[in-house]
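You will see chain A twice below: alongside chain B first, and alongside chain C after that.
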Partner chain A sequence: MTSVTSKPVRRPAGRRTGVTDPGGRRAGVSEPGGRWALVFVAPAVLGLAALYLWPFLSTFTKSFQDVPAFGPATFVGLDNYRALLSDEEFWKAFRNSALYTAIILLGIPVAVVLAALVEQVGRGRAVYRVLFFLPVVTLPVAIGMVWRFIYNGDFGLLNTVLSWFGVPAQFWVADARFTVYAFGVVGIWMSLGINMIILGAGLQAIPKALYEASSLDGAGRIRQFVHITVPLLTPSIFFVTILSVIAALQMFDLIFVMLRGVNNTALADSKTIVYLFYEKAFVQFHQGYGAAIAIVLLLVIMIATALQFRLQRSWVFYG
Partner chain B sequence: MAELVRGRARRRRGAAPRTWPIHVVLTVAAVIMVVPFAWQILTMFKTTAEATRIPPTVLPEAFSTRAFATFFSTVPFWSMFAVSVGALVLRVAGQLAVAALAGYAFARIPFRGRNALFGLFIGMLMVPSQLFLIGQYDLMKGLALLDTLPALAIPGMFSAFGTFLMRQAFLTMPKDYEEAARLDGANTLQVFWYVMLPMARPTLAALSVLTGLYSWNDLLWPLIVSPSGENRPLPVGLAGLQGQFGTDYPTLMAGAFVCSIPLVIVFLVMQRQFFAGIASSGLKG
Partner chain C sequence: MKRKWTAAAALAAAAALITGCSGGSGGSGGSGAAPGEKVTLTYANWSEDQSPAMEQIAAEFEKANPNIDVKIQTLPWPEYWSTLQVGAAGGTAPDAFWMLADHFREYAKGGQLLDLSDTVKSAGIDMSVYPKAVSDSYTYEGKIFALPKDFDTNGIWYNKALFDAAKVSYPDDTWTWQNVQDAAKKLTDKAKGVWGIAAPIDAQGGFYNTMLQAGAQIINPEGTASDFASPAGVAGLKFWTDLQAAGVSPTLKQLSDTEAVSMFENQKVAMYLSGAYWAFRFHNNANLKGKVDVAPLPQGVKRATVTSGIGNAGYAGSKHPEELKKFLAFLGGTKAAEIQAATGTVLPAYKGTQQPWLDAMPEFNLKVFIDAIDYSVPLPVAGNAAEWQGLAAQYLTPAWNGEKPVEQAAKEYQDAVDKVLAKQ
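The block that comes next holds the complex of A and B.
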């Protein structure tokens, strides 16, 4: 440490003899930063103010207004929220989003097991990681199109495979009883790669000595997984859960690609909160109503996240 | 002791062949991951009639590239591709510049109100992106930027998340280099450019990958901001195919393949940066 700090002290001494260096003048390490700070921070602050802070406040304001496509907005108090809460369409979307989120959470144990298994593999680990990650780097729109074909009720691959087991054909993305589950399966499939990478980083932080000690005590792989891996991984699992819930509550792409078009009557009963927001604010241009949906979405995400932080005390282990 | 070592060696020798059950489980899972892609690739070489036959054929009977011809002759792929790449480059370059500068100031230059300002950034970080869309749309419309490339890229150039990530990176760097450069007469901008930025290269790479991935995949914002359909990036154009081709599944699968493959190739080349980027932060939202 001392050798590192002593070096810079020696160098300017040599420099200062070089006369022309203007650095000698302001050699003080504690150059006042105010001026530079302004220069450095200005682009980010101006951009965030104009493109995020102002839009946020605008959404907030508009949620209390009636905003026609043309002409001035009028203040309507809580009317948008009142309409929203008595709108069966909104509650349907809320239930769909909640159900989708719950299904997505089922993918986390799968990701934990697979991540732990990949970590055990020596040769071939890179291949597995790449294969599980492929859906993450594939356009979600393309994924939606491929799964829409697989789910097709008349000639989809899924029905063919299920028919081998005697399961009757179903219209997975044209029958509102199944659509959200169909999205859920794709959602799990899509996010497995991301979750496994985040969990993999957590797995590598677990001290190897713990495994060695326990295997000396005769613990098998499964016992090690249950008693060492899972407890020590809970902070990573918690992080993945938080991210997954936030992302799931914002689901939009799959429903847009898999249900729209050709008189699909299932769309009306399968909308998610964000799809409803898109439709109200940007297709029908009811910005006030759309803004109220967005504010409710924010509240839902905040409550869901706060709830998880409350619950973590009972299951997350900080060693 | 010797006994212990021998026992351990035996156990290890005994454990070695037991990796095959792991490989079996992982292979089954990997096959499930890959089946949709395999089905897509098989389908795009079939004729429309074969693709909708019951029961389906696995391998294409007559290997046909007609779907690609149809796709490229009806869809302006290259202009959509150019829009996607252009938006990505603008967005990544802009975000790296803005976030690195601000992140450095938040980490290293003390100024009045710094903590309050940073708190505001963190607050923004927690707000889902949908809350900004209406205002951002109004802004782009007001600036007459709808249906242009800048509209696609500008909001994504500014990011509380990017600033946060860069700040964390700069915070972990030793102060000694900075002080040394300062004593050599470097001003703040020079210290930032010549000393700190090169050390932040891994974080810059991670941020580039995350931002690029998000820009490339995003559907909702481009959908909102390109109402006329001019200057649409790949996801918007691809989503439009669905209505255009209806049940011509080979063409739909070929289009989905062609539009996805550029980023897949980039990923295969830059795997390490992708994994590091995701691990450092977690994507989503």
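The block that comes next holds the complex of A and C.
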């Protein structure tokens, strides 16, 4: 393992100062004042401010207000937050989102194994990658429609397959006991492709010499996977975990496509945090309350991410 | 110095780029265009099915008003209301747009709609040509803010082939609740996977009608309380829970997976109580050719159906209010109604223009929907309608599934609705 860290890191001294032009002068990047720099970053900064900072600040303000559909808002202090914390519906949504996130995390080991397997494929590796990546570039609406058919209680493919093993038919997306799990499976399937790409890049960065050395020492494929691949892949796994948790806590599209608009009675017990936000803010016109949900979600995501950064010290291996 | 100017220009260009993204309705400012100048009005709807008819109406209007150009904008239903709300608040809403009774109050109260009271007077529009239940729902504090475009009442859609197979006589205007319950039992054939009726938790096509037929009000005229748990209210709900309990309808779970209307189209259910708006879809379904017809809703203590309709409204912030009023008056007139009737898409609200709609689909006894105007009641929309309507599935599911007495579920639902109504 030491061979990884003992790579030569010393750079030639002359290169350290950066780019020099043919005349020998340093390029005018750090010209005093840097007015040009300001001009060049202005579009990006303004865009960022207009598209991210402004909406964020306005959401933040709204969360302390009672905002009617139209007309002036009134300041209500912490009322929205207080109402939120005693709202049974919010806690239900919170539990659903947490459960969904936990299920999505189960998909990461699957992605690691599959990424390692695809890496073993010589010819046709690209074909596998495309197949796994297809769900990522498919419209969530189309995915939702297809899975609705698969999950259908009367004619669904899933129940047909399960019936071969004697499992009784279930209404996977019409029975609130199953909906979140049903979403979880689709969520894993949808994110597998992108996770495998990230993990695949991590795999290629692992020096082949390690595998050669270990096989000389008599390590088999599984031993190599457990003792070389997984430890050296942990930075990529960590990255994937962070992204997955954030995306999972924001889940909305699946529930929107699969349950809404068809009078589905399971909807009331299957809402996620973001779905509840949508319903409060845009269907029921409670924008202040919706904003409070958004801010609480932001806090939840921040805490979850901070927690992961703290925990990573004990399991992520940076070589 | 020169450098400063270039910098400023670059910044301005960047700013223009950003505002350009959120723009949309720039164009000539000020109200009323100069004579000869071309004015563009946008007209938004949410129906892919109806947009050809809307295009046709716009073309007809442009012919008579060459200086006005009407652009039809079709938005998907899930985005329609959020887009409209954000647009109205930000000053970029379409000039004319479809309105629904349950959203109307928020917009009228918020001052987002163009007051059409004067236009109605000056253009000589007779409001009595529209079903009163519909035109009333677009009046706020005595002012008219939208002209009814279409309306829908409810009836019994039924599958003749399934009735014939079970040797049950077709529903007609003598039918009572009991006839429906009896027929549903006879029509149900579990072996063939056929149910007599679809009994979902459906407000507009379902329990609102039966509650009214039993003598309930749903929401009191003051808009302060509901009566789901009154004896009449419970009777209206029991009409549906009895059907579920008798096993003559697909279960709620089945109806969640496959909508009631699809079940009816797949010929899995023999009766489907719902609106006039399905006529066009059933008419176009080749599998249903010659198999479907419609009858009036059954009578309870009395006859009743809820009715609602789309209204054509204008945006108060429109840059061209005069042209817009002209267009809205046209939309409320006979020509626009006739175009809609002839294409068969909807039942126009304008009295006397419905014949082409009836003629467009002669295989159905569509007159029942027009006759139903006489006993129709406006869809209840008091308070934050979207909020309390959304509670129905949550509170009524246990009653439909037989897990809770109807009286108890109705009481809990009533309390939840009243709590929302009290907030207004």
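Keep this in mind: the second predicted complex is superposed on the first by the 286 of 319 C-alpha atoms of A that agree within 3 Å, B and C clash if a C-alpha of one lies under 4 Å from a C-alpha of the other, contacts with A are read in each partner's own complex, and residues count from 1 in each chain.
To be clear about the criterion, contacts are C-beta pairs under 8 Å (C-beta built on N, C-alpha and C of every residue); 3 or more make two chains touch, one makes a residue touch a chain.
Just so it is clear, the structure is predicted and the values come from calculations on it, not from any experiment.
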item	value
Contacts of A:Phe256 with chain B and chain C, given as first, second, both or neither	both
Which superposed partner A:Phe285 touches (first chain B, second chain C, both, neither)	second
First (chain B), second (chain C), both or neither touched by A:Ala209	neither
First (chain B), second (chain C), both or neither touched by A:Pro43	both
Which of chain B and chain C A:Lys62 touches, first, second, both or neither	first
Which superposed partner A:Ile222 touches (first chain B, second chain C, both, neither)	neither
Which of chain B and chain C A:Asp154 touches, first, second, both or neither	both
Doubly contacted chain A residues - partners chain C and chain B	36, 38-39, 43, 47, 50, 148, 154, 256, 260-262, 282
Footprint of chain A on chain B - complex, ascending	4, 8, 11, 18-19, 22-23, 25-26, 29-30, 32-37, 39-40, 43, 51-56, 97-99, 101-102, 104-106, 109-112, 114, 117, 120-121, 124, 126-139, 154-155, 157-158, 160, 163, 174, 176, 179-180, 182-189, 192, 213, 216-217, 219-220, 223-224, 234-235, 238-239, 241-243, 246, 249, 252-253, 255-257, 259-260, 263-264, 266-268, 271, 274-275, 278-279, 282-285
Complex interface listing, chain C residues touching chain A	3, 7, 10-11, 14-15, 17-18, 77-78, 81-82, 85, 88-89, 106-107, 109-112, 200-202, 252-260, 384, 386-387, 390, 393-394, 397, 400
Contact set on chain A toward chain B in their complex	4-5, 7-9, 11-12, 15, 21-24, 26-27, 29, 31, 33-34, 36-41, 43-45, 47-48, 50-59, 62, 114, 117-118, 120-122, 124, 126-143, 145-150, 154-155, 157, 160, 189, 191-192, 194, 197-198, 200-201, 215-216, 221, 239-240, 243-244, 246-247, 249-250, 252-253, 256-257, 260-262, 274, 277-278, 281-282, 287, 290-291, 294-295, 297-298, 301-302
Footprint of chain C on chain A - complex, ascending	35-36, 38-39, 42-43, 46-47, 50, 68-71, 148, 151-154, 156, 171, 173-175, 256, 260-269, 279, 282-286
